[in-house]
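These are the structures, in C-alpha cells.
Next come two complexes, and both contain chain A; in the first it sits with chain B, in the second with chain C.
Let's turn to the complex of A and B:
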C-alpha cells in the first residue's frame, strides 16, 4: 500500500489533480468561516448586481451573495460526492468480493447489476428522485444505487483473478475462513482498480448531483447547490453571465481535478491499462 | 457463432426480467398516489378509492406485476394517466426528436474524434498530443448541460446565430431542423467526442505496434496506406464498440439537453411526467430505453464476435 502511494505521488497528473481538488475541498470547509456573508440573505436592491468588491461573484436573482452561495454549494456537491463514494465503495467491495465466492449468489447479483447498468445512469437517478422526492439524502441514495453496480463489477472481476492465485488456494487449504480470506487477502489485492474507480465515481456523483439539481430534482432552493444556481442562471443568462460562469467553473474545476487524479492513479497503479 | 449468439441472447432474458422488476418497483414504491394528483386537492376519499380501483391500484403487488408484464409482452405499456393516450403512442411521438438529436450528436462526435484521435496516436508523446489530451480531458469534465448553457449563451444569446430553444421537425425542412438541433447536438457531441477520441487514440497506438503494420512498412507501403488500410482497420473494432456502448450515455445526455433546449423528446416526456406523477409513462420510457440499450449492446457484442473470433470465447471460462 505504501509503495503504491509512493508510485502515485510520482505521477504528475495525480499530484496536480489531487492538489486542485484539495484546494477546492479546503475552500468548502473553511470558506464559510472566512467569507461570513449569509448565503440566504436577500437584498432586493442588489438583485442581479454585477461582481464588485463587496460581492466578488455578483448577486443572484434574489439579491443573494453569489460567492457565499457557491461556497455553500461546494459543501453540498462535495458532501454528496463523498457520501456517494463511501456508500458505493462499501457496497461494491462487499458485493464484488463475496459474489466470487458463491456461484449462485454471483449469478443473481451480477444479473441485477447488468439490469441496473442497462438503464442509463442519469435516467435511473431521475426516476429514483421522482419516486423519493427532492432532498440531499435522496440524491445520495439514488446516486449510490446508480453507481454501485459498476463498482461491484470492477471489484468482482479483479477478485475473480486474485481468488485463483496459489496463495489464496494455500490459505484455503490451511483452513482460513472465507471472511478472513476476503478481507485480509482479496480486498487488499483489489485496491488499485477499486481506488481508481472510486475517484471516477466521485467525479460522476458531483456531475450527476449538478444535473439533478439543475433539473429541479436534486437540492431545492433556497438551499444552494451548483446545479440549482445554474438553473436560476439559465433564465437570466442575458443579464447576468456571472450566475452561469462561477458555478460552471466550480463544477469543471472539481470534475477535472478528480479525473486528472483518477487517470494519474490508474497509470501509476495499473500499468496494463496505461494509455500509452 | 450460432452457439455464441444463442448464449448471448439467452443471457439477455434474465437481465430484461430484472429491469422489468426494477422499473415496476420504482413506480410502485413511489409515495403520493396518482389518483389524488389526477383529481386535485379537494377529492374525497371515496372518489380517490374509486379511481384507484379503476386503475387497478388496489390489487396485490405480484398480481399487478403479472398483469403489467403481460401487457408489456404484447406491446401494451398501459395508458398515460394525464394525456389520455396509450403510453406506446406517447413514446412513439416523442421518440423522433431524441433519435435525431442522438444521431446528429454521434455524427459530430465521430467527425471530431476520429481525426483528432488518429493524429494524437500518430504523434503520441508530442506537443500536439499533449494539447489534444488536455482538450479531451476538458471535454470529459464539462457535462453536456454546462456545454449547452455555454453554447446557448455564446451563439444564441450573444451572437444570435442559432435559436435559443425549441424544435422544428424534419417535415419543416432540413434547414430549420438542423438549425434548431445544432446547439443541442454540438453540446452533446462534444462530450461524446472526448470519450471517443481517447478510445481512438489508445486503439490506434496499439494497432500501430501490430506485426501486420511492421510487415506493411517493410514492404514499402506508403505511410498513409499503412495508417488507413492496416492500423485503422485493426483499431476500428474497439472504436465501433465504444460507439455502440455509448448509446446509453447519449440518451442520458439527451434527457438533460432536451430539458434545456425545450425539445419535445423522450427526456422532456419523462421530466414532465414526473411533475404529473404519470407513472405508466415513466415506467414505459425507462423500459423502452433499457431494452434499446440492451439490444444495441447485444448487437455490438455479436458484431464483435463475428469480426473477431477471440471474443466468442465469452462465457466459456
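Let's turn to the complex of A and C:
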C-alpha cells in the first residue's frame, strides 16, 4: 500500500488534480472566514454590477456579492459530493462484498442494480427529487441511490476475481470464517478500483448536484449552489457574463481535477502499468 | 476402532451439476495414514488426486455441490458425517494443508508477519505480543533467516521458496497432526524443491506430523514418502512402498509412468517413451479396467471386467488382472 502511494505521488495527473481539488476544498473551508461579505445581503444599487475590487466576481441580479456566493456554493457542492461519495462507498462495499459470497443475494442485489443502472442517472435523480421534494438531504439521498449500483458492481466484480485466488482457499484451510475472509482479506484487495471509482463518483455527484439545482430540483434559493447561480445567470447571460463564468469555472475546475486525480490513481494502482 | 490417523474407506467423490447429474471424480478410494507417516499419491493431471486432497478438508462444498460416499475417518471420527460448518475446527487445527502455488497463496496486501500472526491467533486466544513471538519462532522454525527483519515485508518481497516456507509456518501454527501437501514443490526450482522436501521430512520426524504428499513428480514422491499410491482416473491402481515403485511396479500404468521418465545418464534418446492415448474425460470412463484402452497388455477380460485391488505381496497392492495371472514383472 505504501508503494502504491508513492507510485501515485509520482503520477502527474494525480498530483495536479489532487492539488487543484485540495485548493478548492480549502477555499470552501476557510473562504467565508477570509471573505466575510454576507452572501445573502442584497444591495439593489449593485444589481448586476461588473467585477470590481470591492466585488471581484461582480454582483448578481439581487446585488449579492458573487464571490461570497460561489464560496458558499462550494461548501454545498463539495459537501454533497463528500456525503454522496461516503454513502455510495459504504453501501457499494457492503452490497458488493455480500453479493460475491451469497449466490442468491447476488442475484437479487444485482438485478436491482441492473434496474437502477438502466435508467439514465440524471433522469433517475430528477424523478427521485420530484418524489421527495427539493432539499440538500434529498439531493444526497437521490444521488446516492443513483451511484451506488455502479460502485457495488465494481466491488463485486473485483471481489469475484479475488475470491478465486489461491490465498482465499489457503485461508479456508486454516479454518478462517467466511466473514473474516471477506472483510479482512478480500475487501483490502478490492481497494484499488474502489478508490478510483470513489473519485469518479465524487466528480459526478458535484456535476449532478449542479444539474439538479440548475433545474430547480436541488438547492433552493436563497441558499447558494453553483447550479442555482448558473440558473439565475442564464437569463442575464448577455449582460452579465460573470454570473455564468465563475460558477461554471468552479464546476469545471472541481470535476476536472477529480477526474485527473482518479485517472492518475487508476494508472498508479493498476498492476499492469507497474514497470514503465 | 481404527488405529490409523487417517483412514479413507471406499470413498467416492462426485461433482453434482446444476441439472442434478453427478460426475464421479474419485471412485472407491481406500487409503490410510498412520501417525508420523509420509504417504504419497501420484498421478497425471485430472486423475482426481487434488479433488481427493481437498475433499479430506471438505473445501469443495463451499463452491460446488458435491456427493460423497464412503468414509474419511480422522482420529476415529468420520469427517464426512460432520456438519460442514464445524469443519472450521478441524481445518488448520488437526489437519493443515499447503498448496502448489505459493506465489498466490498469500494475501498480497497484507504483511507476511500479520498473516502468520493471524494463523496463530485463529486457533488459540493469545495476546498480540505472544502471537508475534510465536509467529517469529515459527518463521525461524521453517528456515526463514532474519525473520524479525522480514516480518513486516509483503509477500511480493519474498521468493517462491520463502513463500512456501511461510505457508508451511502458517500450516504449523495450529500444531496439526496431518499435513496435506498438494504438489508443494511443483512451482519451485530443484534446489528450492530439495530444501522444502528436507524441511517437510525434518518436521515429520521432529514433530511427528504425518504428511499426505500429493504430486505428479515420481522422483519427489519416492524420495520423501514411505508408501506411494498411484492414481488413474479417480482410482488407486497401485499401492507400493516407495523404493518398490521405481524397481518393481506391477501395474502397467505405473510401469508406463516410470518408463516415461527421461534417462539422465547414457545415450541421449530421440523419442521419449510415453503411454499411448490420453486420459479420457470423466464423462467417458471406459468400462472394465479404466486403463485398458491405453494398455498394451489388455485383453478381452480387461475391457469387460474391472479388476479388484490384488495383493501383490504383504503390503503392495495392484489393480490389474495380470497380478492374478502372476504375469506382472514386479512379482
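Heads up, the rule we're going with is that the second predicted complex is superposed on the first by the 270 of 276 C-alpha atoms of A that agree within 3 Å, B and C clash if a C-alpha of one lies under 4 Å from a C-alpha of the other, contacts with A are read in each partner's own complex, and residues count from 1 in each chain.
By definition in this document, contacts are C-beta pairs under 8 Å (C-beta built on N, C-alpha and C of every residue); 3 or more make two chains touch, one makes a residue touch a chain.
Note that the structure is a prediction, hence the values are computed from the model and not measured.
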{"item": "Superposition on chain A - do chain B and chain C clash or fit", "value": "fit"}
{"item": "Touched partner set for A:133, first chain B, second chain C, both or neither", "value": "first"}
{"item": "First, second, both or neither for A:172, with chain B first and chain C second", "value": "second"}
{"item": "Chain A residues touched - chain C or chain B, whichever exceeds", "value": "B"}
{"item": "Inter-centroid angle chain B-chain A-chain C after superposition on A [Cα, multiple of 10°]", "value": "90"}
{"item": "First, second, both or neither for A:241, with chain B first and chain C second", "value": "first"}
{"item": "Which of chain B and chain C A:259 touches, first, second, both or neither", "value": "first"}
{"item": "Contacts of A:122 with chain B and chain C, given as first, second, both or neither", "value": "first"}
{"item": "First, second, both or neither for A:217, with chain B first and chain C second", "value": "first"}
{"item": "Partner chain in contact with A:103 - chain B first, chain C second, else both or neither", "value": "neither"}
{"item": "Contacts of A:188 with chain B and chain C, given as first, second, both or neither", "value": "second"}
{"item": "Where chain B and chain C come nearest after superposition, their Cα distance in Å", "value": "12"}
{"item": "Complex contact set, residues of chain C against chain A", "value": "57, 59, 62, 88-93, 96-99, 101, 104-110, 118-119, 122-123, 167, 170-171, 173-174"}
{"item": "Of chain B, residues touching chain A in the complex", "value": "14-19, 21-23, 26-27, 29-31, 124-125, 137-138, 140-143, 145-146, 149-150, 152-153, 157, 198, 201-202, 205, 248-249, 251-253, 255-256, 259-260, 270-271, 274, 282, 285-286, 289-290, 293-294, 297"}
{"item": "Parts of chain A lying in touch with chain C, wherever the complex brings them together", "value": "1, 165-167, 169-177, 184-185, 188-189, 191"}
{"item": "Sites on chain A touched by chain B in the complex", "value": "111-112, 114-116, 118-124, 126-128, 130-133, 203, 207, 210-211, 214-215, 217, 230, 233-234, 237-238, 241, 244, 248, 251-252, 255-256, 259-260, 263, 275-276"}
